[in-house]
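Letters A, B and C mark the chains as written, and numbering starts fresh at 1 in each.
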Amino acid sequence: MKFRLFAIGAAVAAIAVTTACGSSDDDKSSTKPDTKASFASGTTMAKLSSAGKITIGTKYDQPGIAYKDPATGDMGGFDVEMGRLIAAKLGIDKVDFKEVISKNREDFIKQGSVDFVIGSYSITDDRKQIVDFAGPYYVTGQQLLVAKDDDSIKGPEDLKGKKVCSVTGSTSIATVEEKYGANPVPFGTYTECVNQLTGGSVDAVTTDGAILLGYAAKQPDKLKVVGDAFSTENYGIGLKKGDTAFRTWINDQLDKSFTDGSWKKAFDDTLGKSGVSTPEPPKVDRY
Amino acid sequence: MSVLYDAPGPKTRRRHMIGGIVGGLVVAAVIGLIIWKLDQEGQFTDAYWAPFQNSGVWKNTLLPGLRYTVQAAVLAIALAVIFGLLLCSARLSIHPVIRIPGVIIIEFFRACPLLLMILFFYLAFGKTLGTLWPLVLGLMVYNGSVLAETFRAGINAVPRGEVEAGYSLGLVKSQVTRQILLPQATRAMLPAIISQCVVALKDTSLGFIISYEELIRRGKGIYESYYDIIPTGLVLAAMYITMNYSLSRVATYVEGRLRRRGQKTVKPDLGALALEDAVR
Amino acid sequence: MNVLRHNFGTILDGFRETIALTALSAVIAIVLGVVLAAMRVSPAPPLRWAGTSYVNIFRNTPLLLLFVLFVFGLPTVGVHASFFTRAIIALSLYTAAFVCEAVRSGINTVQAGQAEAARAIGMTFTQTLRYVVLPQAMRAAVPPIGSLLIALTRNSSVAEAFGTKEATYVLDSLGRDNASALYWIFGGIALGYIIICLAIAGGFRLLERHLAVGR
């Protein structure tokens, strides 16, 4: 009896120890790494480049932006492509993606669990107190996703009394309820909301246009994004506070990608598939 | 069961056969209707079931999800046993200053919805703990409270004579508890503890709401790519049913063996939706 | 504390949804559970098999999975119902399996002599069940059903992730907006649930005493 208890206890401990808290995933970068890159010693770029690997924090569940395919385990999406671009410019072939969720992004950056975070990460003054931002590399705002054949909703003014889905506790759901008189339907994730939309249980889904474009890109014959943005979100790359050298360098790379076509290519390959035309690249904020 | 109807004579046998055939047809019709409706909506097309023939899906998504589920359940039950033991000893203490808070804690955690507690732990401590520990903590306090009551029932199931004999030999309360009560009580509680494991396994699914990567959340990832919600749901259900049914059979087997040895067993707490039948 | 006071209306609305969910699901679950129990003890093998399968399937599947299947799956097969209705379907189907087991164990507590006497005076299976066995079985099944209803109240909180704005949803949304007052919000909502559970427990104990028969 005693030995059995001990064996059970050991098994439990073994299982507990193999807890993978936040799985990292190996990734083969699709952009060719720039092996000629060299950096001033002591900078983050030099450290990452010589180490030959980088850990990028991103989302796993936002199609078109930052997404992990459940069958292959591969990462895809506009933000993922931009992340790979930066890694390639560092001469790194092996990118480790780590899943972050909205709650723990700042903590992961502070603790150094990730080297930077990219993935519908809006630049706000509150967040700037804890982390630094490079970019923005994309500007979006709150918009509406409706069924392709639904013409009754052209913008937020048409929302009165309509069932609008968004994520519990998000600013998007509060805005449509308070400002536009919509009937809010909260769910846990945007994908569940989109599911309800295609099933006909809700009239619209609302959140950042970039996220909505990702869903429209996956089902362009069933969904469309309507209306002008009724808020502004600047997507940026979050990194350790005070690392000005790294931030300046990333901003330089972003500027280059705006002009040399790689930014456009990343967009067309991902969000562009929703049928929307490629927007103008934003202006990087070097504060 | 056979008390309710007599050994059937020829007329009754014929009536039973007719009734059985009619009943069987009704059941078959209902099931057939469901399958037909699903087929109408194209739920059986290959495209929907293809992901499950793709071994990549199993390797990268479903099996890790299963591992995370079992991991959370095992951690939760192990901690719940410890927590339950502590609560139970508080509950059985002769000092009211320890006993009353013990009762309050047990009843509080048994009345609170599990999801409420998991959400609370996540919103309060999620930043530092991630997603696994709020789930485990929530499961621990709930299952611990239920187990505390089970332990209490187990200890009360030991015949009083044993305890009195212990005291008459001059043993102190702690010695009586440790050397006489616990060994017998543990054997009595074993089926109930196993049933509680089934409950814990099922409840790990609530981690889905705080983004813990357990089985159901992984399944969501699949149907979000392939839009095959019903096939995914059926596959997941099959996995859970297999796991839980086997565990309950283990509990029944253990209970049977114990009963043959003459050991009285404790019924699990139905308030915890435990499987009373598994212990019959 | 102020958060609780300002949002008292929202919290009450949430609990109203919870009570509505619980009450409606309870009624359906008890009726369905009794039917299933009757199926499980009936002499017709197909009915027995159907009842046993139902119980094994719905007892071993997590409630969350049932919610996922019904809330996301029903529209896929063309059934359009409100989120509230879908939640009730999931909750009642799940609880019915447990009610069936409670009623069945109640049936087993009825003394064999009762059923034998009923047969001796010529009652059929249905008559035996209806007039002799079930009334006594239900009396024995009242305490477990009370526990099941308390569990149902706790399970109704799962609906918060599926478009139903009941009490736990109030914690989720208020807790995210007012992170500093989280402990107060949790305390208030937990208190609400405890009050409901105590009310159910008290009501059932009264019912038990009312139904108690001297033997």
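Methods note: a residue touches a chain if its C-beta (ideal position, glycine included) is under 8 Å from a C-beta of that chain, and two chains touch if they have at least 3 such contacts.
Computed from a prediction, not measured in an experiment: that's the story for all the values here.
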Between A-B and B-C, which chain pair is linked by the larger number of C-beta contacts?
B-C
Which chain's mean C-alpha position is the greatest distance from subunit B's?
A
Per-chain Cα mean versus the mean over all protein Cα atoms: which chain has them closest together?
B
Subunit A to subunit C, mean C-alpha position gap in Å, rounds to 41
Subunit A and subunit B: spacing of chain centres that average the CA atoms, whole Å:
37
Centroid of subunit B to centroid of subunit C, CA atoms only: how many Å?
17
In subunit B, the residues touching two or more other chains are 208-209, 220, 229
Residue numbers in subunit C touching 2 or more other chains?
72, 76, 160-161, 172, 175-176
Could you check subunit A for residues that touch two or more other chains and list them?
188, 192, 195
Can you check the complex and tell me which residues of subunit C touch subunit A?
72, 75-76, 80, 83, 160-163, 165, 169, 172-173, 175-177
Where on subunit A does subunit B make contact in their complex?
1, 9, 12, 15-16, 18-19, 21-23, 61, 63, 68-73, 101, 103-104, 107, 188-189, 191-192, 195
Enumerate the contact residues on subunit B facing subunit C in the complex.
1, 3-6, 8, 16, 19-21, 23-24, 27, 37-38, 40-41, 43, 108, 111-116, 119-120, 123-124, 198, 202-203, 205-206, 208-209, 216, 219-220, 223, 229-230, 233, 236-237, 240-241, 243-245, 248, 269-273, 275-277, 280
Going by the contact rule set out above, which residues of subunit C touch subunit B in the complex?
41-47, 49-50, 56-57, 59-65, 68-69, 72-73, 76-78, 98, 101-102, 104-105, 107, 112, 115-116, 119, 125, 128-129, 133, 144, 147-148, 150-151, 153-158, 160-161, 167-168, 171-172, 175-176, 179, 182-183, 186, 189-190, 193-194, 197-198
Subunit A residues within the subunit C interface of the complex
165, 168-169, 174, 185-188, 192, 195-196, 199-201
